[in-house]
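One structure, pasted below without further comment.
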Amino acid sequence: MFNEFGKVIKITTFGESHGIAMGGIIDGFPAGLTVNFDQIQKELDRRKPGQSKIVTQRKEEDKVEFLSGIFEGKTTGQSIGYIIKNTNQKSKDYEHNLQVFRPSHADYTYFSKYGIRDHRGGGRTSARETANWVVVGALCKQLLPDITFQAFVSSVGDIETKKDIYDLDLSLTENNIVRCPDEEVAEKMIEKITQIKKNGDTIGGIITCVIKNVPVGLGEPIFDKLSSRLAQAMMSINAAKGFEIGSGFKGTRLTGSLHNDIFAEGGKTLTNHSGGIQGGISNGMDIICRVAFKPVATIMKKQDTIDENGNKAEIQGKGRHDPCVVPRAVPIVEALAAMVIADFSLLNKLRKI
Amino acid sequence: MFNEFGKVIKITTFGESHGIAMGGIIDGFPAGLTVNFDQIQKELDRRKPGQSKIVTQRKEEDKVEFLSGIFEGKTTGQSIGYIIKNTNQKSKDYEHNLQVFRPSHADYTYFSKYGIRDHRGGGRTSARETANWVVVGALCKQLLPDITFQAFVSSVGDIETKKDIYDLDLSLTENNIVRCPDEEVAEKMIEKITQIKKNGDTIGGIITCVIKNVPVGLGEPIFDKLSSRLAQAMMSINAAKGFEIGSGFKGTRLTGSLHNDIFAEGGKTLTNHSGGIQGGISNGMDIICRVAFKPVATIMKKQDTIDENGNKAEIQGKGRHDPCVVPRAVPIVEALAAMVIADFSLLNKLRKI
Amino acid sequence: MFNEFGKVIKITTFGESHGIAMGGIIDGFPAGLTVNFDQIQKELDRRKPGQSKIVTQRKEEDKVEFLSGIFEGKTTGQSIGYIIKNTNQKSKDYEHNLQVFRPSHADYTYFSKYGIRDHRGGGRTSARETANWVVVGALCKQLLPDITFQAFVSSVGDIETKKDIYDLDLSLTENNIVRCPDEEVAEKMIEKITQIKKNGDTIGGIITCVIKNVPVGLGEPIFDKLSSRLAQAMMSINAAKGFEIGSGFKGTRLTGSLHNDIFAEGGKTLTNHSGGIQGGISNGMDIICRVAFKPVATIMKKQDTIDENGNKAEIQGKGRHDPCVVPRAVPIVEALAAMVIADFSLLNKLRKI
Amino acid sequence: MFNEFGKVIKITTFGESHGIAMGGIIDGFPAGLTVNFDQIQKELDRRKPGQSKIVTQRKEEDKVEFLSGIFEGKTTGQSIGYIIKNTNQKSKDYEHNLQVFRPSHADYTYFSKYGIRDHRGGGRTSARETANWVVVGALCKQLLPDITFQAFVSSVGDIETKKDIYDLDLSLTENNIVRCPDEEVAEKMIEKITQIKKNGDTIGGIITCVIKNVPVGLGEPIFDKLSSRLAQAMMSINAAKGFEIGSGFKGTRLTGSLHNDIFAEGGKTLTNHSGGIQGGISNGMDIICRVAFKPVATIMKKQDTIDENGNKAEIQGKGRHDPCVVPRAVPIVEALAAMVIADFSLLNKLRKI
């Protein structure tokens, strides 16, 4: 009921970062898709640790193994089980945490909630869970060959691209390790992260996601608006603290006469303050959303904290952590977007007799 | 499946603004609560049209009638059916829309999706639906007598309170018609809305919501984080375009050493950048979130648009509309927050043996 | 979560027999169906009390009012709210029950579970709830014009038709008040019920349901087999104590070589021991199932019982009750079957790319 | 959405009999249970093939591996992932089926539904799936240490025990390979199955399940009655064709005055025709239900059939199959019963304030 997402393509996931394996079940995936396994692995590689100098130096293979639901290279319509083995757990790196709660982590809340502490790398709350989603997102992208999902880093700390989305060449995103298509800004971001890392500190950032060629009509009334479900999905990423669609927070300063998207012929609109969603339903324009990520909580500096008995203690991060989460979060944002869009695409087959 | 919200207290709603009645069913509400009906009506009155000069001048009674699930003043544990009759539909006000799509409304997307057009005031997409939620939220508040839900208007267009939440006296919120507890700013907001209305235009704004005395441990792993569900709920409000929790978008500019909330003794934290949620679970600090609302799409100015055949047309708003949605959205934000918290409170009874 | 049924056409219901109204919400019903309201009322009339001398003599109009989701005679794709007002509650008839538990009723279990007693006619547990389903079933039948749902009474006590289903003319079912198409047997059933009623007693019976022209492929793997969901639905009818599909309990005595349904050309089978379902999925043959109903618990004879304090007491039924539930349950069985089949028909649009 | 079962303890499963592994995820299982792994394996061993001369001679280890959700021997409250590797797939045994549909199997319906054929041992429709359930059921039993689940074989073909349940010593069930506690009858059943097997044929049977020490109050209104959910669960077992609770089909012949269960003091009843469930809710008496299983469809005799093009063909079973499914289905029935009861037990914590 709680480790699941989706209506008619539903995923349920499991796994702790330092357990035997992560994994999941995809239920409701249609039969007949010829699976491109290389493409799935490629997406996992975009997310995996150790891929560049500005991300965590952990080395994980992140190889997905499909256990069911695919036969002779095609989806069968049956539930797709998969696992990603954990090969590089260094639980020792976390032993110093055994008695204390890491500030702004989930240690305290999970211990309070469940009465049990899995101190090894955050247990279930580890961002390693997002590998599970990338598998599903990659399959969903294959189900929607005409739709493109392009996320990129639009800011790192106070370094941000000032360019309009349509002045950016999004095909450049993967050309640099920070995944910002504004190459001048990308360089500054990389410098920033490098500096922050040297300080033993971390920094936040924002990811923008553009989804093109979405048909009109995706999304459902009321609580399953396309915007509501995208928000839920994105806010489920570790460290996400904000979500906006189209004009977002800035749009609150506009008047209706400036904000309204006037129709051109054919149903397109002259502007896209709506971010591709009106009344919760896609209107055929590009869907544009942004996700805010706080700085990673694990820093290499000494911090005050408390232990499990509520007494004062000190903590200092060890091990291999990301100084900034956004570069590796780019494929995660795309994966979640693909899951939401695929789910609603299927649902849309049911709306008229 | 789509007009519903909640896990173990689940609501399902129905109703078009110009149909016979709005209504809903609350399923899973525990037995034994003595219902304070006046309190429910009071919440509905905070939301209802016509309550001040800066909101729509429609006159709706918004009286809720409970049809089941309450016996001799107490909830019975059975599904609670309720309706709110529509008494003031002036469908005529919408006849001029019959052939054209209103810009930045849901007309075009709903027509494309369902192949059917209910032109009377937006049909199912009307913000009148939110009256349904206020009923549920009011019941949920009564289930959680120790928790307070206080939303207020923090900005209208570019008029915003600069005060820290803890420098505001939230008990003042209901003292003015715009529902901003910073009274000096409130006056400017009212002026702003009055001016905007005179121009036949509309304006956006932001609502901040503070939830106090939330126990540690609410929220569920992964996709049902407290933050994820609050985001889904708030983004379901008509005109919502953004959501943030705690430090939100601004927090992306901070370093981890500044952003981390250091524990004080007893599990409280010295700062609250987390906004009361860590790892998706409440940590006992105040939950603080913000919701961005775009300007209302219906303006009294002439706009270009297209008709159902895709041909160019013109449109001009008539009838009685809100120049700014945020004053009336304050009780709606609280209602949704109460629904989410009540649902997770119940769920939390299931987490340990 | 608990007063609901269905996957993509989901109903949620509410109402106590002696409250203001029964009702429900149908969520996910496709747009574009021209609703035949007379047909819906006709189904309600088949179920309603007072229709013949062998059923309860209560007089309820059972008029359904649709509050939303239908515009200009067509479904809009939005949630369909409806109510059926309770016009003939004689709560007084139940006052003698106030302190005691009726044997084999739900009084004791509901009181134990919820700590609250709605003594008026069973409250939520009243079979009046089934009127809600008949509305939904009638709409679902209209969605499936090619499929026929034909239930009939196959036994009352030990009076049963010995004829094979294919030797019965099911169009005769509605010709007699007991709803058995074997007219000779029908007469004996009516006699039996009349006699039983005269004794102040009640009697059980069995309903057989035949569903024709079901396409191959309905039903989903594992726990949502067509047979599983039909079983769940039918066992939800008040007084249902057994369910079987195809050869059912008798089929346990056969060998595989006798029981297997050999394929004829075109995928049809020479026999139909499977009852139209193989591996949980419809195979294109007639679906045939049977539902067992225990005798109605309310009898006009004096019975020993206990009161709410656990002390010995006596009880004697008053009021207007059915001596045998099966004649009025025929349209209920059909309604549930139609709901299940409609839901799975929609779902089947999602199974292949 | 479809390979799942349960409300607040929800399982989702995957796996084909001849794929890499079966497995599942248990979501919502409470934290803090010390897991008895031996007990789980013991239940799997009761179900596994090759355990006696009257069941299939396939040799599968059926070792469950838990991948998550259990830490240092205790459940953590996180989703529990597990797999059971398939070690003894002889897909070759099924190659003769490649072009033809096995009568009364799921081959034809699955191929029609999904357009894809996994001919290896039935793919997803294999009864091997039930191993997944036994794992979950075993965990659920541990969650309910006071409740006992005792299923046994009550008939094989026309050989049935005539003894009343309370005249049987259910502790004897596991003493013989057919799992019937009436030892005299058990011997005849074993003879029967041995004879049937020698003929290359198969035979059906009935399992009775008794659940003791169930608290009053389990089950939810309307469609989630305890009886409805037990029916859904049991009808999901491969080959199940009927379900009854308490007096079941035979109870239809009784009058109310004979069938009603008169209360004794303390809420117990003098008889138990209700089978422990009244109004869909457990009443504290033993829950008694029966499940009918048709004869296994795979026989060693030649049968007429059709191929994938609809042309006439012949088929003859090969490989290692059960001549009668009921002995191995006993632990499966218990597992499903435990899942349903555990789920409702948790839910019951939510019903009163």
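By letter and in written order, the chains are A, B, C and D; residue numbering begins at 1 in each of them.
Going forward, a residue touches a chain if its C-beta (ideal position, glycine included) is under 8 Å from a C-beta of that chain, and two chains touch if they have at least 3 such contacts.
This one's a predicted model, so the numbers in the text were calculated from it and none came from an experiment.
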{"item": "Set of chains adjacent to chain A and to chain D", "value": "B, C"}
{"item": "Longest centre-to-centre distance from chain D, chain (CA-based)", "value": "B"}
{"item": "Between chain B and chain C, centroid-to-centroid distance (C-alpha), Å", "value": "40"}
{"item": "Intercentroid distance (Cα basis), chain C paired with chain A, Å", "value": "46"}
{"item": "Chain C and chain D: spacing of chain centres that average the CA atoms, whole Å", "value": "26"}
{"item": "Residues of chain A touching at least two other chains", "value": "1-4, 7-8, 13, 28, 31-32, 77-79, 113-115, 124, 221, 351-352"}
{"item": "Chain B residues within the chain D interface of the complex", "value": "8, 28, 30-33, 75, 77-79, 143, 221, 346-347, 349-353"}
{"item": "Chain B residues within the chain A interface of the complex", "value": "1-5, 7, 13, 101, 103-110, 112-115, 122, 124-125, 129, 155, 157-158, 196, 199, 201-206, 216-217, 219-225, 227-236, 238, 240-249, 251-267, 269, 273-275, 278-284, 292-299, 301, 303-306, 310-312, 348, 351-352"}
{"item": "Complex interface listing, chain C residues touching chain B", "value": "1-4, 7-8, 10, 12-16, 19-25, 27-28, 31-32, 65, 67-69, 71, 74, 76-81, 83, 113-116, 118, 123-124"}
